[in-house]
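In the two complexes that follow, chain A is the common piece, with chain B as its partner first and chain C second.
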Partner chain A sequence: MSTAGLKAGAQVITGVVRRPRLSPAQIAIMVFFAVLIIAVLRVVTGAKDLASSGALAAAIGLAVPIGLAGLGGLWSERAGVVNIGLEGMMILGTWGAGFFGFHYGPWAGLLGAMFCGMIGGAIHAVATVVFGVDHIVSGVAINIIGLGAAKYLAARTFTGTPGGGPTQSPPLGELPTISIPGISPGLATLEKKQIFFVSDLASILGAFVTNLSILTLIALALVFMTWWVLWRTTFGLRLRSCGESPVAAETLGVNVYRYKFIAVLVSGAMAGLGGGYLALVAANIYRDGQTGGRGFIGLAAMIFGNWRPGGLVGGAALFGYTDAVQLRGGGSTVHALLLLLAVLVVAIGLWQILRRQRLIQGAVAIAAGAIVAGWFFVSETVSDEFTGMTPYVATLLVLALSSQRLRMPAADGQPYRKGEAG
Partner chain B sequence: MKASLRRLGLALAAPVLALVVAFVVTSIVLLLAGDPVVAVWTQLLTAPRPRLIVGIINGASVYYLSAIAVAIGFRMNLFNIGVDGQYRIAAFAAAVFAGQGWLPGPLNIFVSLLIAVVVGALWAGIAGWLKFSRGVSEVISTIMLNAIATGLVSFMLFKVADSTTGSNVTNTKLLPPSSRVPGFALISGTPNKVYGFVLLAILVGVTYWVVLNKTRFGYDLRATGRSETAAVASGVNVKRMVLTAMLLSGAAAGLVGMPLLFGQDFSYGTTFQPGLGFAGIAIALLGRNHPVGIAFGALLWSYLEQQGNGLQITAGVSSELVFIIQGVIVLAVVIAYEVVRRAGLRMEQRNVARQLSSDQPGHHLPEGAPV
Partner chain C sequence: MRRMRVAAAMSVAALALAGCGSSTESTPGAGGASSSAKALKIGMAYDVGGRGDQSFNDAAAAGLDKAKKDLGVETKEATAVNGEPESAREERLQQLIDAGYKDVVAVGFAYAPSVKKVAAANPDAKISLIDSTDATGPNIVNLTFAEQQGSFLVGAAAALKSKTANIGFIGGVNTDLIKKFEAGYTAGAKAVKPAIKIQVKYLTQPPDFSGFGDPAKGKTAAEGMYQQGADVIYAAAGGSGGGLFTAATAAKKMAIGVDSDQALTAPPAARPYVITSMLKKVDVATFDFIKSLTEGKFVAGTKIYDLKANGVGYSTTGGQMDDIKAKLDAYKQQIIDGKIVVPAKP
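Entry: the complex of A and B
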C-alpha cells in the first residue's frame, strides 16, 4: 500500500514546465483589480460586509491557523513525507496552548503548542521515516491519537480549575495586539464614508494595521522564513531534494533520514502553532473539538497553492475569507459573491471558445455560469450550509480544472530506505 | 508444513506485538498522568456483561461494513478516506425514502438498501471520476467530499426534517414499523437484541472474499494493486479499474449506516453515529484487508469502545483514553507488520543462503547475494 498509489489518470508532464514569474508590478496590478472588482460588487449588490474591515479582520483570524497548518504540510511534503496527520498535531497544539498558557502565561502557551505539535510530528517521523510505514496510515493513526490524547489530557488537567472543566480550559491570558496609532483611526473614518474604491482599499489596509495579533505577524514571518530557508539556503535545497529524489540526494551524501526527520518535526511544530492560535488568539480558551477539521483545510490550501508558500497564503486567505463571510451571518454576502462567480465562469467559457477553440468546454462553462447567475437573481440569500462548503468545493474545482498544472514533489509519499541507491 | 507454521507464526506475531506495545504505551501514559493503571485495565479487561456483549456485536457489525468498504479500495492501492461522507449521505437518502413507507415492509427495506448502495457509489464515484479523468489524488478529493457531504446532508436534513416530533432533535421521518428489521435474542441475560443486519455484514464479508479471490475481476483488481505495470501488461484497463473499485467501495460504504437505520435509530438525524469511516480505515489495516482479520479488528474496536464507556465510573478516567489505545494499536500494528516483514525476509534470505551453500559445498555465494 504505497501512498504514491496508482498512477492512472495522472498526467505525466514531459519537458520543463515554464512557470510564469510574477513581477511586483504585476502583483500590484492584480491587487488593484481585485479591489476594484470587490468595490464594483459592493456597489452593485449592496452587500456591505464584502470588504468591511470587520469581515477582513475575521478573515485574517481564520486564515492564520489554516495557513500555519498548510505551512506544516509544506515542510513535510517538500521533504517527501505526506502529512494528513496535521489535524491531530493541531489538536495536540490546542491542548498544549491551553495547558501551558494557563499555567505559565500566553507566551509559554505558544511554545507549548509548538512542542505538543512537535510530539505528534515526532511520532509521524518515527513511523514513516524510521519504520517506513505508509504515510497516510500513520497520519490517520496520529489523527486518532491526537484527538484522544487532547480530550483525555484536558479531562485530566482542566477538571476543577477555576472556570475550566473536563472539556475546556480556564480563560487564557491574551497575547499583545498591534495597532499603528496614526493610521488606524484615519482609515476607519475613510472606510465609513463609503466612497467607491477608496473606502474598500482603506478597509483592507485597516484590517492589516488595526488590532493585529502578534501571532499573525509571527505567522507571516514564518511564511517568509519558510520560503527563504527552503528556496534560498543549502539546507533547504537538500531538504527539497529529499522530496524530489531521495536516492539522488543520498548518492550526493545527503543524510536523507535526518532531513526528513527535521522536516516532519518542523511540520508538527507549525501545525501545533496553528492549534495554539485557535486556543490563544481566536478563542482565548482551549475547547474540545476546537480545530473542526482545519488541519485538513490547511492541507487543501497547500495543494491549492501548488506546494509553494505564496500559493499557500493565497489558498489560506481564500478559505479564511469564505469562512469569515459565512460566520458574520454572510448569507447575503456570499449571495453577492455568486454574481462574481457567474461572471468569472462565463468569462472562462468565452475564453475557452474564442482563444482555445474548445466549444464543448466553453459551452459547459457558460451554461454553468448562467445557472449560477440565475441562482443569484432568483434567491435572496445563500444558506449557511452551502457557504460552509465553499472552500471544499473551490479546492475540488481547482484540482479538477488544473491538476495538470499542479506539481507535487516527485517522491512525495514514497517510502524510502537507506542504501537503495544503486 | 514447517514453512507454513512459520508463516502463521509471523502473521500472528505482528498483532500480538502491537497489542503488547499498546498495553505498555497506554500504561506509561496513565502513569505519567497519575491515573490508576490497575483500575483502568481491570475495567477494560474484565469479561463484559451480556448487555455489553450485544453492544459489542452490534457495534462491530457496523465497523465491519465500513472496514470492508475501505479494504476494497486498499486492495487496489486506493485510499478511500471518503467512506465517512459516503455512508452518511447514503444513510440519509435511504432514511428519507424508507420513511415515506411507499412500499410494503420487506420491499421497502430492499429498495432502501438499493438506494443506499447507489448513492454511496455515486458519491465515491465523483472521486473515482476525478482520478480517472483528471488525475486528482483520491485522498484529497475524498477529504473534500467528506466536508461537502456534511454540509449537504445538514442542509437537506433541515429541509425534510420531521417537525412533528416536537423535540429539538432533527431527524427524518420514522420508519413505519413494518420496515424495521427485527433483532435476534442471541445473548441470554439481557433484553437487548443483536441487529438483524448482522447477517448483512456477514453477507458482505463473504461476497468480498468470493469476488476478490474467486473471480477474474477480483484477480485483476488485486493484480493492479500489487503492480500496476504488470496489470497493464496483462491487459487490464487500469483507469477503468480505478473507477470500478471506487464505485464498489462506495457501494459498500453506502451499507454502513443500514444496521443503525433499520435496527436502532429508525431515522436519520443529527445524532446519527459519526466517524465510522475513519474507524473503518483503522480496522481494515488491523485486519490486513482479510475478511476474517477485519472481523476480529471490528470486534476489538467495538470491545474497547463498549468497555471504555465505564472508565469514568469505575476508574475516574476519561473514556477518551480508548482513542489513545486504538490509535496506538493501529500505529503499532503497521509498524509491527513492517518489522516482521523485514525479519521474515532476512530469515528467508538466510535459509536460501544456507541451502545454497549446503547443496554445493565449496561453492561460494555469487557476488552481492544477500547473506
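Entry: the complex of A and C
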C-alpha cells in the first residue's frame, strides 16, 4: 500500500525540478568554507566578535526558539495545514513554561510549554481539519486568542507572587547546562590566542560544548527526529501524502483527518516548546510579549528551508547569528559584514557574466557590490537605525539570491473534505 | 503568493492584536476619609508592560495605590498593547472618561497624540501626561522628569566602580526619551573618567517597541558588552532589563537598574550585582497630580521633576554606594546649583 501511495504522491510533483541533495561531505566542505570566510573577515576587519564563542552561543540561543517554531510549521504544513498561528502557540508556550516552571520546576515547565502549545494546536486542528475553516483565518484567530489568553492567565496566576506581577512571572529555575570537561577550557584558551582559522574553529566548537542548555540539545534531537519520522517511516510517508494529495491518500485507505490532526498537534507542541525555550532558557522569566514575532520568523525560516528540516535549521541559524552579532557588537560588527556582502555580490556578478553570459544582471550585481564596498570603506560603523534590520536583510538576501525554486507541499493550505475522491 | 500571504497575515495579526487591551476596575480604598459617594474617580492608562513591569508603569501604579489609600479615590486602570494603532490609545482614554473616570493619568510619551485629541474633545476632563510635553492645553498637565540628571549620577557611579574603564548602556527603544538617559549617563561617566569607553546599544528602533519587553534580547546585548570588557551596565529598557540582571548574575559583574529601586525587585540571586538604580519618581508625580485634584489646586502646564525637586535620584539599597556617596552627592549639589548642566541629547 505504501508503495502505491508513493506513486500517487510522485504523480503530483512530476515536472518539478528537484534540487540536488547535498551529501554530508559537501555540507562539511561548505561549513569549512563558511568558517574560513568568517576567519578571513575577522582578520581583515578586526571585528573580533564575528567568531567569538560568546557571539555563537548567543546565536544558538536566538536561533533555537525560531527553529522550534519553524519545526512546528514544518509538521503542520507537511500534512497540508498552513499554520500561521505559530506565534499564538508560542505565546501560550511561554505562559505554560512560566506557570508550570514556577510551581513544579523547569522540567515541568518544559512539559507545560508543550502542553499549552498543543492546546493552541488542538484549536487550530479542530477548526481547520474538522470544520474546514480557512487556515489563515484560524491561524490569525489563534494568534489573537494566544495573546489574550496568556495575558489573562498571567494576570490571574502571577499577580502577588514573589518577584512576579500581572505581566511577568517570578524568576524560573534553570534547566541544566552541559559543558564537556577537559575540552571546553582548552577550546577557550585556543580561542584567546587569535590564531587564524584555528581559533575561529575552536570558538565554534567551544560554543557547542560550553554551557549548552539541555533544551538546545533536545531541539537538535527533535530536528533529527522530525526528519527521520517524516522521511523514513511509513507514518511519515502517509502524513506527507496528506499534504501532497489528500484525495489520493484517502483512496489508498489513509485516514487523512487523523494524520492532519496529529500533525497540527505536534506542530503546536513544537511551537509551544519554542516559547518554553524563551521563558526558561533565554530569559528565565515569563514576560508579556516576549515572543516578539518569533513565531512568524519561524514560519519564514521554514519557507526559507524549502519545507525541509535541514534547510529550516540553516534559516534559523542565519537569522540567529546575524541577530546575535548586531545585538552584541552593534554597528562595528555589522560594518564588517558589509565587506562580506560586497565581496559576495561582486562574485555573483562575475559569475553571471563569465559563466552565464548575463551581462546586465552581472553588471547590476557588480555595481551594487561596489556601492556596498564604498559604504564599507567610507564609514566607520553602521548607524543604529540600520543594525536592527541586519537579520531581516540577510535572510531576504539569501532567499533572493539562492533559493528561487522553493516547492511547498502541493495541497498545502487547501481545504480537504472526506469523501471528495468520489 | 505565499510570501505575500505571510506578510498579509502578519499585518492583520498586528492590527487585530491591538484590539485586546485589558482593564481592571477597583473599589475605593477602604478607610479613606473621603470615600463617600463623592470620591474622586481617577482613570489610569498604562503604557505597554502595564502594572507589574517592576519598572516605569509600576512606579505610576505605586503612586495610584498611595492615592487610593491616603486620599480615598476610586480608580480604573487600562493597559496598552504592543503594536496597537494610535486609535486604540485614544479609545482607551475616551472609554475611561465615558465610564466616569474623567480625570486621567496617561502613563508614557506614546499617549501624547491621543491626549491632545481627547483633552480637546473633553474640556472638563483633567489629564496628566507623563514623560511628554508634546500635547499641551488648558486641561493638560505635563509631568516630565530630568532623567538625564539622575542618569548622570549613576553614570558617575558606574565610572567610579568600573575597574576596566569600560561600561555599557542598553536602551530599550531608540527614542528621544531613552536618549536622555544615555546622554546623562555618558556625561556622568566622562565627568569622572574622560577617557572611559562606553558601549551603547538600543535593542529596537521605533516603531518597533518590542525592545521594552524582550528579556532575551536584553540578555544577549548585555552578554556581548560584558565579554567585550565592560564591568558595569546600565539598562533603560523596561522589561528587557531583566535580561541584563540574568547576564550580570552569570558573569558576576555589576548592573544598574532604572526607574524604581530594582535591587528590591530583581531575582534574589541577581540583587548583589544591582549596585544602584536610577530613580524616576513617577509615583511621586502621579500622587502629586491626584492630590492637586482632591485639593482643587489643578494647574495646567509643564511640571519638571528634577534633582532639585527630588523627582530623580539614585538608590542605595545593598550599601554598594556607601564608599562613593560623598562624591555622588557633590555632583548632585553641583547639578542643583547649576554648575553642571547635564545635556539631554547624546
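Here, the second predicted complex is superposed on the first by the 391 of 422 C-alpha atoms of A that agree within 3 Å, B and C clash if a C-alpha of one lies under 4 Å from a C-alpha of the other, contacts with A are read in each partner's own complex, and residues count from 1 in each chain.
We take it that contacts are C-beta pairs under 8 Å (C-beta built on N, C-alpha and C of every residue); 3 or more make two chains touch, one makes a residue touch a chain.
Remember, it's a predicted structure, so these values are computed and weren't measured experimentally.
**Student:** By the touch definition at the top of the document, which applies to A:S383: first (chain B), second (chain C), both, or neither?
**Tutor:** Only chain B is touched by A:S383; chain C is not.
**Student:** Would you check which partner chain A:V140 touches, where first means chain B only, second means chain C only, and both and neither mean what they say?
**Tutor:** both
**Student:** Answer with first, second, both or neither: which of chain B and chain C does A:I303 touch in the superposed model?
**Tutor:** both
**Student:** Which partner chains sit in contact with A:F197 here, chain B, chain C, both or neither? Use first/second/both/neither.
**Tutor:** In the superposed model, A:F197 contacts neither chain B nor chain C.
**Student:** Regarding the shared-chain residue A:Q168, is it in contact with chain B (first), chain C (second), both, or neither?
**Tutor:** Second partner only, chain C.
**Student:** If we overlay the two complexes on their shared chain A, which of chain B and chain C does A:F208 touch? Say first, second, both or neither.
**Tutor:** neither
**Student:** So in the superposed three-chain picture, is A:W375 touching just chain B, just chain C, both, or none of them (first/second/both/neither)?
**Tutor:** neither
**Student:** Quick one: is A:A127 in contact with chain B, with chain C, with both, or with neither? Answer first, second, both or neither.
**Tutor:** A:A127 contacts chain B only, not chain C.
**Student:** Tell me which partner A:I285 touches in the superposition: chain B (first), chain C (second), both or neither.
**Tutor:** So A:I285 only meets chain C here.
**Student:** Do chain B and chain C touch any of the same residues on chain A, and if so, which?
**Tutor:** 84, 136, 140, 143-144, 147-148, 151-152, 155, 166, 293, 296, 299-300, 303, 385, 388
**Student:** List the residues on chain A that touch chain B in their complex, please.
**Tutor:** Going through chain A, the ones touching chain B are 1-3, 5-11, 82, 84, 123, 127, 131-134, 136-138, 140-149, 151-153, 155-156, 166, 293, 296, 299-300, 303, 383, 385-386, 388-389, 392-393, 395-396, 399-400, 403-404.
**Student:** Please output the residues of chain B touching chain A within their complex, sorted ascending.
**Tutor:** Contact set of chain B toward chain A: 29, 33-35, 74, 76-79, 81, 130-141, 143-145, 147-148, 151-152, 154-155, 158, 224, 228, 238-239, 241-242, 278, 281-282, 285, 317-318, 320-328, 330-331, 334-335, 338-339.
**Student:** Would you mind writing out the residues of chain C in touch with chain A in their complex?
**Tutor:** Within the complex, chain C contacts chain A at residues 2-3, 5-6, 9-10, 12-13, 16-17, 19-20, 22, 48-54, 58, 81-82, 174, 199-205, 208, 210, 213-217, 219-221, 223-225, 227-228, 239, 242-243, 246, 265-269.
**Student:** List the residues on chain A that touch chain C in their complex, please.
**Tutor:** These residues of chain A touch chain C: 49, 52, 54-55, 57-58, 61-62, 65, 84, 87, 136, 139-140, 143-144, 147-148, 151-152, 155, 158-159, 163-168, 170-171, 278, 282-285, 287-290, 292-293, 296, 299-300, 303, 323-324, 327-330, 384-385, 388, 408.
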